[in-house]
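Each chain carries a letter (A, B, C and D) given by its place in the written order, and its residues are counted from 1.
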Amino acid sequence: MLKIPSHIAVLTSGGDAPGMNAAIRAVVRSAVYYGKKITGIYNGYEGLINGNFQELNSRSVKYILNQGGTFLKSARSDRFRTPEGRKQAYDNLAKTGIDALIVIGGDGSFTGAKIFSEEYDFQVIGVPGTIDNDLYGTDFTIGYDTATNTAIECIDKIRDTASSHDRLFLVEVMGRDSGFIALRSAIAAGALDVIMPENDTTYDHLVETINRAGKNKKFSNIIVVAEGNKLGNIFEISNFLKGKFPHLDIKVTILGHLQRGGSPTVYDRVLASKLGVAAVEGLLIGRNKVMAGVMHQQIIYTPFEEAITRKAYINPELIRINKILTI
Amino acid sequence: MLKIPSHIAVLTSGGDAPGMNAAIRAVVRSAVYYGKKITGIYNGYEGLINGNFQELNSRSVKYILNQGGTFLKSARSDRFRTPEGRKQAYDNLAKTGIDALIVIGGDGSFTGAKIFSEEYDFQVIGVPGTIDNDLYGTDFTIGYDTATNTAIECIDKIRDTASSHDRLFLVEVMGRDSGFIALRSAIAAGALDVIMPENDTTYDHLVETINRAGKNKKFSNIIVVAEGNKLGNIFEISNFLKGKFPHLDIKVTILGHLQRGGSPTVYDRVLASKLGVAAVEGLLIGRNKVMAGVMHQQIIYTPFEEAITRKAYINPELIRINKILTI
Amino acid sequence: MLKIPSHIAVLTSGGDAPGMNAAIRAVVRSAVYYGKKITGIYNGYEGLINGNFQELNSRSVKYILNQGGTFLKSARSDRFRTPEGRKQAYDNLAKTGIDALIVIGGDGSFTGAKIFSEEYDFQVIGVPGTIDNDLYGTDFTIGYDTATNTAIECIDKIRDTASSHDRLFLVEVMGRDSGFIALRSAIAAGALDVIMPENDTTYDHLVETINRAGKNKKFSNIIVVAEGNKLGNIFEISNFLKGKFPHLDIKVTILGHLQRGGSPTVYDRVLASKLGVAAVEGLLIGRNKVMAGVMHQQIIYTPFEEAITRKAYINPELIRINKILTI
Amino acid sequence: MLKIPSHIAVLTSGGDAPGMNAAIRAVVRSAVYYGKKITGIYNGYEGLINGNFQELNSRSVKYILNQGGTFLKSARSDRFRTPEGRKQAYDNLAKTGIDALIVIGGDGSFTGAKIFSEEYDFQVIGVPGTIDNDLYGTDFTIGYDTATNTAIECIDKIRDTASSHDRLFLVEVMGRDSGFIALRSAIAAGALDVIMPENDTTYDHLVETINRAGKNKKFSNIIVVAEGNKLGNIFEISNFLKGKFPHLDIKVTILGHLQRGGSPTVYDRVLASKLGVAAVEGLLIGRNKVMAGVMHQQIIYTPFEEAITRKAYINPELIRINKILTI
């Protein structure tokens, strides 16, 4: 017979993402709705080990739906990678009577969750909260839509000054291992090109692209560069281009951590709300070691194993479209 | 053998929506990419009848991707509802050598497009540009995501003052025949309730909801009201509630036309870019009397007939979730 | 010898304004800086009467600098208009050992403060927190800059749709007794005209202005209307114009309470920070029954009497400039 | 007898600033209002030398009031530093019948304007358009308010993620020679400290400040750093602090050029409107070699000599306040 949890804990882990607060709110209120006790863990897995627990209720999560960041705070935990750390975490949960855990985070967080769940036969469900959008099992991760909109608001401003001075701007967006933010930002910004982990942009190709833009009388241009591309550091790219195009006025902007903050968009608030509910309901129907996601507007539960190891793929259609639109 | 168009025209019709400019840009650049002539028609069907045409090129649509509104302007046309008007429109197109038309608009615009296409055997493709999201054949229409984000930015501000004064605000959002904006805004705003064409909110239910909120110590509240709900005009609703809850401080705000403007979100820019390309490519592969849409991240061509008559459905899951989250 | 206060209370009163939280923060931290006890009163004068007090410290006001509204909440109080109410308020203050009060609000709030201060010889300083900007003794009131920026963001969006459809929009902004928001918004929006309490716009003048705009080929236009103008309700004005210009597409938008919310602008945050410090320092140097303001970048203390009765004047230069710029 | 100009030219020069378009619009419409011919010069002084002129009218400047950047574009010109370049510029103006020039820009631009005006006895008025706010003769320069609001929107987002992770962020804002943006942003952001050209922050002081913050339980902090401070490059500062506080999570963000773009705030739109009118009216009443500014809400004309050489001063009151508020 299915053992139904009576006391659920929730934590946020890894890099924070806009919408995490909305997800926590949805978890808490769903738990209350279904008559379960609900406890918030501060500082991610560190708080699990340190016993940094606080019982929550429906009112604890008021006015946080539209706030960036995570009020439960987040942290990386080396100790949770050790058996001793996980033992301590388990003891704290057991002592408090908590029998299920919801982890809001990215692939690293789910890897830890999976090991812990297996080790202690503890019921765990994940909610994809990361601006990187690099998880299999959900069309969008929580925070991705906000991060790209933030990037675009910045690039729109850069466009103003690029246009006033007929400049070429290289703009670095987040994405060490994936180009989701880069590609979508590039299309939405009308960027001349995008350099990202998933493509093999060469210097020859870049030179050709910039030459073609000149011929087409596009005098102010944006090139979006993902942190983790294969071509090189954005300053190296800039220096190369300055050498090749000495008459061009080339500038670099690195958007950095501001992409992680800000009030979440409608998309992220609704997604976080759906997934927070789905996580609690998944626990109630016995799901374990899975991530709740939305694919094709349906709630989907994907095993941690699959969510982590199958790479989310970049829609090649977007790459094709970007080429057409920068003509 | 398939007759492939050599000269494409594009117009925007009906109420304007953020992202229409991005769609025009995508149509123009795709046409250029495929070596076609491309002409912009001003003022929708009125401009078709008046011969208000302008040939466009790749540079004509620079710097419009992030602009609200439509630089081709839009208008409603009574004359296009008459055979004489459509005859005049056809003559203008024929005279200019235009052999295909892309209409960016909503259901009214597509009804006109369908009749015209049948009458003159003229190749027409539609692109869903309307903030109402009420078309079958696409998950989102162009402008819907921006309009809901605009609504939410306004409601977030109203929330500040509601909270400072422990007030109940009724906020009217657009949507004469559908509650898409209302429902999504309500979830994203953490609204107490939503009153929309698709539900049968009664006054009894409202009273009960507000009583429950008071018991749960929710002292400042938002209720989102769609223009076209069954309960009544927002001022009638407000007056009823003032009668029932004389101690409550109840205010009304009607967001109105500002929901139609503003720089489009990333979602709308990317969607408009995809659909503009898809419209041109649809013409090249012989599609006719269809609307280009995106369902499940795939381009779909839906016959005008179906797009207009099959109603886009409100996801009942969202209604269920909203109930849980306002506990 | 000067009696220096040892325990200061702070409250917000009247309609809320963005930046009130920033002002509270500045009051609290200045009090701590100068070694004084500091207590927050909830719900304005109502809380004073009800004894709704909470001692605050430096950490109580973290993360509120950029939040709209007022975490101390605000309310209007009929009881504070009675001697009994004020007696109760005084008793609560005396009982708690509070010997000075800072009131953040508008003219109504300062009237109450003045009476109370005289009646009980209680030291009170005011901080001008109102979006209306209608107080003498400060160039800008806290909230005014944010409210006009909010209005302008909305009108910019309305401009998009006005332009797409060649429409005339009448946009109502807040201001029952003064046209500060209206005039500044009109200039910043490039509005065709502004109707406000301080001018005597006639229907003849309006008709002439619209005719002139037509001759100058200005086909989409905005007219900004203050709530409290002499010409009439915005719907009456709209109906009159529809009668006069049947071919024009005329729409009305009432911005309403959203002008009161939102994260404060830099101007309001800095102003609120300055004035919060100035209020505490004013108490320490014996000021009483005065409002702290900034004129010509200097801190000025103006007697309540003067701040309330001398009207802030609309800069006639702005009216002249608006006429030139809408040519 | 006063020679009144009949044909005015306008150009934007130096780094662009939000509100330059609003200033151009005001210049053009004022010139039309006073019955003068008005010509726009593209690309600053380069366009003056190259004869890149375009006659403008009232309609040429529609819909630009709310746009960032400058549609006349801007550029730095080495040739205008040579007598030959200025001779060419003068010949172009004379040939076109232009007898007065308005230069929108910063100190470098006014230096060129002064030399040119003296050399050719040509009437020139300057309008302060620079985000740096470092000109004497005006309380604010056009673009400064927008740039600080942009900085603050970014820092507010960074605050979200700083708070989620208890991090210390060093945020670099623009300002090579002055700390106006840095200081005002720091107050508005509630930053722990500000490092700028005008102060002598030492490493010892920084260490002490961070230690004090820790004692006060301020775990997430922002330090604003102006580009041109005396302490060192932001990465050097970061590295030093990482060495001193190995347990702290310290990050760097450089806001960069996005501070130059974006739709201008109400303050900048109104200021630009006032100054554009004042520049034209100054020409009509014989002013020459002066910059139009607003001090104490009055239009002031300051000789170029003075505007350039007298430094705008940082209000020491703001530095004092910042110290109090970060307690």
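The working rule: a contact is a pair of C-beta atoms (placed from the backbone, for glycine too) under 8 Å apart; a residue touches a chain by one contact, two chains touch by 3 or more.
All figures in this text were calculated on a predicted structure; none of them were measured in a lab.
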Target chain D, source chain B, minimum contact steps:
2
Can you tell me which chain lies farthest from chain B, using the average of the Cα atoms as each chain's centre?
D
Which whole number of Å gives the spacing of the CA centres of chain C and chain D?
28
When the centre of a chain is set as the mean of its C-alpha atoms, what distance in Å lies between chain A and chain D?
36
Between the Cα centroids of chain A and chain C the separation in whole angstrom comes to 40
Touching two or more other chains, which residues of chain C qualify?
156, 159, 163
Which category does the touching pattern between chains fall into here: line, ring, star, complete, or other?
ring
All pairs of touching chains?
A-B, A-D, B-C, C-D
What part of chain B is in contact with chain C in the complex they form?
12, 15-16, 18, 20, 67-70, 73-75, 150, 154, 156-161, 163-166, 169, 251-254, 256-262
In their complex, what parts of chain D are in touch with chain C?
25-26, 29-30, 32-33, 58-59, 62-63, 65-66, 139, 145, 148-149, 152, 156, 159, 163, 184-185, 187-190, 216-218, 263, 265-267, 269-270, 273-274, 277, 296-297, 299, 315, 317-318, 321, 324-327
